[in-house]
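You will see chain A twice below: alongside chain B first, and alongside chain C after that.
Our next item is the complex of A and B:
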């Protein structure tokens, strides 16, 4: 037993390291391939004068190294470097997204718990939960910001509400499926122990819903970042990535690499949220391998 | 038949009741609490504006829906082709999948302004492009999952009949992927409409729905803005419904779909 206990971690560590190295090499190769294709298309496109589907030139396809080096240069002479500004914007948008994620996740899960217990509410409300996502939230965003503003709510919290609107949907749908997923035989067993609804919820439905919940949270992590970025634009918030996109888009012809750099930061923020949920999923579901879907 | 109809009615009754109650409560609360029009106009006000402006709104809606449809067709088509390719050449798929999952975690919609810069503000293709990119990844990921998560026994059976790769694809993998494919297409239908509207928000022709909504709220014509929002949702719902109907029609005759249900 002792030898196993000593050997196992080192084995898994070595296996994990090899796996991690392989993954990193794959990611590096993929990024290098993307870089190569981008630059090759631009090189060929500029010389051959490709105008379809779009004109290939320095404005439309800035060099990727120019996008990255734009991050190290200040916007105005003597000002902070762009990367420092982007960092603050990302923190601001990340704060909005995080609050939206928490709010949307909690509301989505609460809706799922209520609907899991009532067939009639399910039939009555589920269609509208689906319909809710067809509302172009971008168009409603200004009303949300102004409306909550009259109640004394700060604009960034209003943007979180918009992010929550996009976040709650996957959580509600997947958690509902998960809460309804337990084996009927398990339900019968619980009932034979005279377990009440609360006990069934905590001991059976909730653990069964976890894998479904985490696949929803992975979608929601990105959705909350999308909501925060998109919500900032109509709310005319200047302190986040969405505001930066609107600004840099206006000066696209003179500095396209700044808009691209901001989009790279947006992508990084989305990936960061996704990876945090992914790691949380690994940690939580590792203890219950039989539940991993 | 009448029994089936009655069962359908009972199925949809709660939803209809919620609809009536919701509209009634909205109308009543807005009137009772004197909610300002710029926040939330009365449903009756929105309905009247919708009727008065039906010509303009309808044309704008159709214009934007065409963009969404174009983007949906392009993005979903490419997503399905890529999934077929990755399912046929597994090492390629295994190498590429992490990137597809990562791309799906990126706020792609932030690229809408760049699409406008690439293809031109007034060119509908700029909106189709962003809608297409939005649709591509969910369709690719779902379809590939469907194509590869086939019961190994079915494959073995096909091999025992000496079936080639092509017929395994045609008879096993593609039918088995349909439910997953349609799950992806349903997500894509909603995303394509949102992509088109967000693209228009960053600039587009005045006869587009997103621009109409934006201009209406800029000129404080809030009932018209809300009428536009309702129309956009209606197109989104119809599109989603059309995909769901297509799913019903294409998978009803398919024995593997029935097997999914009975399992």
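Our next item is the complex of A and C:
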């Protein structure tokens, strides 16, 4: 095997490490640039008195180092540090988001499978699925919380349902496209073997849909975190990042850096979800880069 | 069984929705164990005819029987294996797994599959490439995978659409001999589409010459070269006479092969 001169696009470990180092350096450079721009804008804005689109001052644009140092300080004297609280909130919201992601992913994929097999259902149901996403999440969330609450469902699970509401749509759309992506020749081959629908689904449609599915899951990973954060407000949940944001928002004028610090944690949580999906994608789709949509 | 044609094409015509008449009034009987080649200019409906035999598309008129059954029934019974003009491999499957695809669908056990794949890989000389993906292979190698896949479950009928089109002359001649060996050993019937007149003559028991617009069978040339064929066959005077006869039949339809095809 080793003697055969076929170039394998898959990365070797050394190549992967070099690639990883390069990527990390780029990410670090990006963060540094963002930091620089933020501070420079504030520095210039404060002196030049910029008031549009917002007044540049310490309240609207706290120093980034103040946000980070807020994480190391306790909220009340003698209490736990903010970062410890954020950690627990992130775990709580992460749990909601994870369930929402799984729920939304499963439902979205199931919808895609059904629609892929019936042109009639596709034409009949697709408009409603699209409409479901035009209803603002802020209108849906209270209904879900109240509706499920009366059925005795725990509030955090109701929040997961809200996250799933945001998650299922990209999965359904992209998976449907992927399931329908095999070209006529590939379908003909299956037909020549008299393969039934199930076999065509498992041997052809599903593997063909994976690149599309992963594109969707990457979108859904962050969407489920956002859904969980937003869902906590109407559910009056205090144990998560969404609850913390509502709280810090009320005391914004006295401690803006706490809200910002929480935003950073939210972003980190979303990023974490995204990266997990990315790694899963790399593991599952070990094919030529040009085949990974 | 033996008096029943392996393929019986009865008055088959095909019009596509776009208004193209691809085939018109095709009648052809292929006897069991026969090797019949279809030759004709590009676009005369050879691939279309093969698809109709395989019940992959419906004829607009007429009917096809395979092994005495309607083509539809024969497809459900896995009576034929097909090699398309393009290799049609699944990108996410390795060479070995592409070859094993029909065996998986036929629910062969894992070990039996592995043994069969090993034989086939050897047959099409792709040893060492079992774990490669289709996009890591040349066009000719891809086509050999597709041939191995069609042979994998020993179908009674092989439908082959220019299977050696992407191969160099040397490999092609070797694969020709290999195909004849398989044909002889397996007792299968082969319907073979090609653009190459010498290839058609060398391989076939009969060559069906098709004409264009609408696609019809312009004539049938019986190839009375002795069996089994060998590399020597290509040097016999009778071989050249038959090549000339097929060429003249093609020309008689007021048709010529495209220059590039004539070259082979």
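The rule is simple: the second predicted complex is superposed on the first by the 277 of 293 C-alpha atoms of A that agree within 3 Å, B and C clash if a C-alpha of one lies under 4 Å from a C-alpha of the other, contacts with A are read in each partner's own complex, and residues count from 1 in each chain.
In this text, a residue touches a chain if its C-beta (ideal position, glycine included) is under 8 Å from a C-beta of that chain, and two chains touch if they have at least 3 such contacts.
Here the structure is a predicted model, which is why all the values come from computation and not from measurement.
A.B. asks: Touching A:222, do we find chain B (first), chain C (second), both, or neither?
C.D. replies: Touch status of A:222: first partner only.
A.B. asks: Quick one: classify A:252 as touching chain B (first), chain C (second), both or neither.
C.D. replies: In the superposed model, A:252 contacts chain B only, not chain C.
A.B. asks: Is A:121 in contact with chain B, with chain C, with both, or with neither (first, second, both, neither)?
C.D. replies: Touch status of A:121: first partner only.
A.B. asks: If you tally the residues of chain A touched by each partner, is the higher count for chain B or for chain C?
C.D. replies: If we count touched residues of chain A for both partners, the winner is B.
A.B. asks: On the A-aligned overlay, A:38 touches which partner chain: chain B = first, chain C = second, or both, or neither?
C.D. replies: neither
A.B. asks: Can A:30 be said to touch chain B (first), chain C (second), both, or neither?
C.D. replies: First partner only.
A.B. asks: Looking at A:87 after the superposition, I want to know if it touches chain B, chain C, both of them or none. Which is it: first, second, both, neither?
C.D. replies: neither
A.B. asks: Overlap the chain B and chain C contact sets on chain A and report the shared residues.
C.D. replies: Of chain A, no residue contacts chain B in one complex and chain C in the other.
A.B. asks: In their shared complex, at which residues does chain C touch chain A?
C.D. replies: It is residues 51, 54, 56, 75-78, 80-82, 84, 86, 88, 90-93, 101-102, 104-106, 128-129, 131-133, 135-137 of chain C that touch chain A.
A.B. asks: Within the complex, which stretch of chain A touches chain C?
C.D. replies: 1, 3-4, 6-8, 185-186, 188-189, 191-195, 199, 203-204, 207-208, 210, 287-288, 290-291
A.B. asks: In the complex, go through chain B and note every residue touching chain A.
C.D. replies: For this pair, the touching residues of chain B are 11-15, 17-19, 22, 36, 38-40, 95-96, 98-99, 102, 104-107, 109-111, 113-114, 116-119, 125, 129, 190, 193-194, 197-198, 201-202, 210, 213-214, 217, 222, 225, 228-229, 232-233, 235-237, 240.
A.B. asks: Give the list of chain A residues in touch with chain B in this complex.
C.D. replies: Where chain A meets chain B, its residues are 23, 26-27, 30, 53-54, 59-60, 120-121, 123-128, 130-131, 133-140, 142-143, 146-147, 150, 218, 221-222, 225-226, 229-230, 233-234, 241-242, 245-246, 249, 252, 256, 259-260, 262-263, 266-267, 269-271, 273-274.
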